[in-house]
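For reference, chains read A, B and C in written order, and residue numbers begin at 1 within each chain.
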């Protein structure tokens, strides 16, 4: 592929229109997520509490926008003003939960369809991260941490509203905090936000913006597909372990343990007792 | 009653001033609600934790306004700036919880007084729903769902802040989600919001605005009184059941069960095993 | 000390620059608070969930600002835009949790250092209460209750976000509501807010502003130090008890009990049964 055609392709990806196909893909995966989160009782729940089911699905679909608006002092409900998106999300919710013989759900779970939707959702996610970073940069031109936070929350909002979304369905799981065990999409969004911030605010990245954007899209889609098809769930783990060992006490803890055994009398005695 | 006098009456109801009598009635019922929610230990609790008791009562009294402000990006505390209302609410709270020999509480629970307060509260509720819809329509002229949401939340805010209000009192009941089992006032507020939106935004309702408003007031008051006096708690249930059967899978589920037994071999065997 | 020199000192205290020393002291105590709240597993937790640990520490450091912004309809994340403060807080967090051999934590817990930090934090707290009251007074010139609320929340924000801060670490303690059992800093902040409001809005306090401010600083520091050194935890308790006895039913309850035994037949019988 010659570089010019590649750049052309990248430019097209940057300008891709999200409505309606990407919105549909996103909504399908969100509704699937809610349905799977409900477990085996999903169908019975959707019949008994349609309102709570609809609301929690909408919360997942619009999670990023609502969360970021809330944190930036903008109206939390504003994302719902886009009637077209809302209608798409509602139709998808209806199809996933209420079609006769569960055709909608079964179709959405069919692997090729799921893969196509996942790929499109990742392209959408990249756009959302970029929009989040840009929006935050407009409001706070020097607050890098806010840009990264907003980019991450907009890209993977559903992960962070999970607690509240479940609460709407009457389930409370305080230990399912995304910050405790960040999932791969969260980490990927953090990395993407950092790259976008570097691209926007510094001269460290000399590549044209479209290429940077396209690179992140490829990175998102590639790891999503490898997670779906090959079962590689988190390529960041080795880097994290290295970082933790170097900076977050790993080496020093090991050293302290070692020295404690050799030098400190009390701890030595203590260690002996334990042995 | 001749139509002109009726329209006149309707116009007067639309322009009714809420302060102070309706505010008092609303506060009385809110304080009663908090006291009854506390159960048999209410008096002991009010002596031990007056601050938490006062705050949760204020939250119930101003629930609708605070909730809607929070969702529309306006200051959550703004409803408290109305010092007169705040003073009324505080005095009522004091009378319900701390009068000697519990006179205040007993008086408020006396049926005729409770009925009068309930009626006034419903008139107030109608005004709040209307104000909510109008306010949302000003901010988002085309977002019908936001208008309905804000109207409902403003009309029955206390239902939706129940979780948080209890949390202020140190009690956590995640399953008491209003969305899971919407109460009658919530459903009535949804219907009223929809009617107000239709009245405002479409030409479907040709009656003058005052009549529509007055009709909803009568509907609210009538069902509140029948709930208090006759024990009719939810006249919407038959309509809901019909709607669920038609659109939310009821009929299809029954059909699928039937066909499943007749056609699908595996499920047939499965069904036999269960028998 | 002659009055003029005293007033001079007071004026200097009013104009004291907070960055960086007071910020450091504040951050040190916040990080210590998080670490102690984590209990014996703090070090293991900080190794396993660095992100959640960092976020909850930041939430404690910036609690007051974030909480008040949220309640006043301003961006919740805005306090993070101050990059210098954020860097200070992050460095302190790193030093407390991750220095080799836990030097940072041990140094911060060393009594003289802790006392110095506590004193500085109280000076900082006074400034925050004053800023909160001033800010609220600008927005709502007649809403005294909002000024007091904002002053209190800004002065002791960490007390009120404790639930949410623990939730970020995956721990849910709904009964640890600050409103239920207000701690001494909360009560002191309420008193300080009331005094600032009186000073600002009425003519009841004739002393110059700098003196009022300085008096509250001394009051804060004095009681913090006596709490740390002498174990006097809450000098407000006697006043509260008096107030509760007079106004919140104490006397009437006792009277009702007495009369109930003497006069009311049913309750008498009831009382007998219980005996």
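Criterion: a residue touches a chain if its C-beta (ideal position, glycine included) is under 8 Å from a C-beta of that chain, and two chains touch if they have at least 3 such contacts.
Just so we're on the same page, UniProt names per chain: A, B, C = Trimeric intracellular cation channel type B-A.
Remember, predicted model here, so these are calculated numbers, not experimental data.
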Superposition rotation for subunit A onto subunit B, Cα-based, multiple of 5°: 120
Subunit C against subunit B, contact positions shared by both copies (same if over half, else different): different
Averaged-CA centre spacing for the pair subunit C and subunit B, given as whole angstrom: 35
Interface hub residues of subunit C, defined as touching at least two other chains: 73, 172
Residue numbers on subunit B that touch subunit C, as the complex places them: 43, 46-47, 49-52, 55, 69, 73-78, 80-81, 83, 86, 97-102, 167-172
Touch list for subunit C against partner subunit B, complex: 70-73, 139-140, 142-146, 149-150, 163, 172, 174-175, 177, 179-182, 244, 247-250, 252-253, 255-256
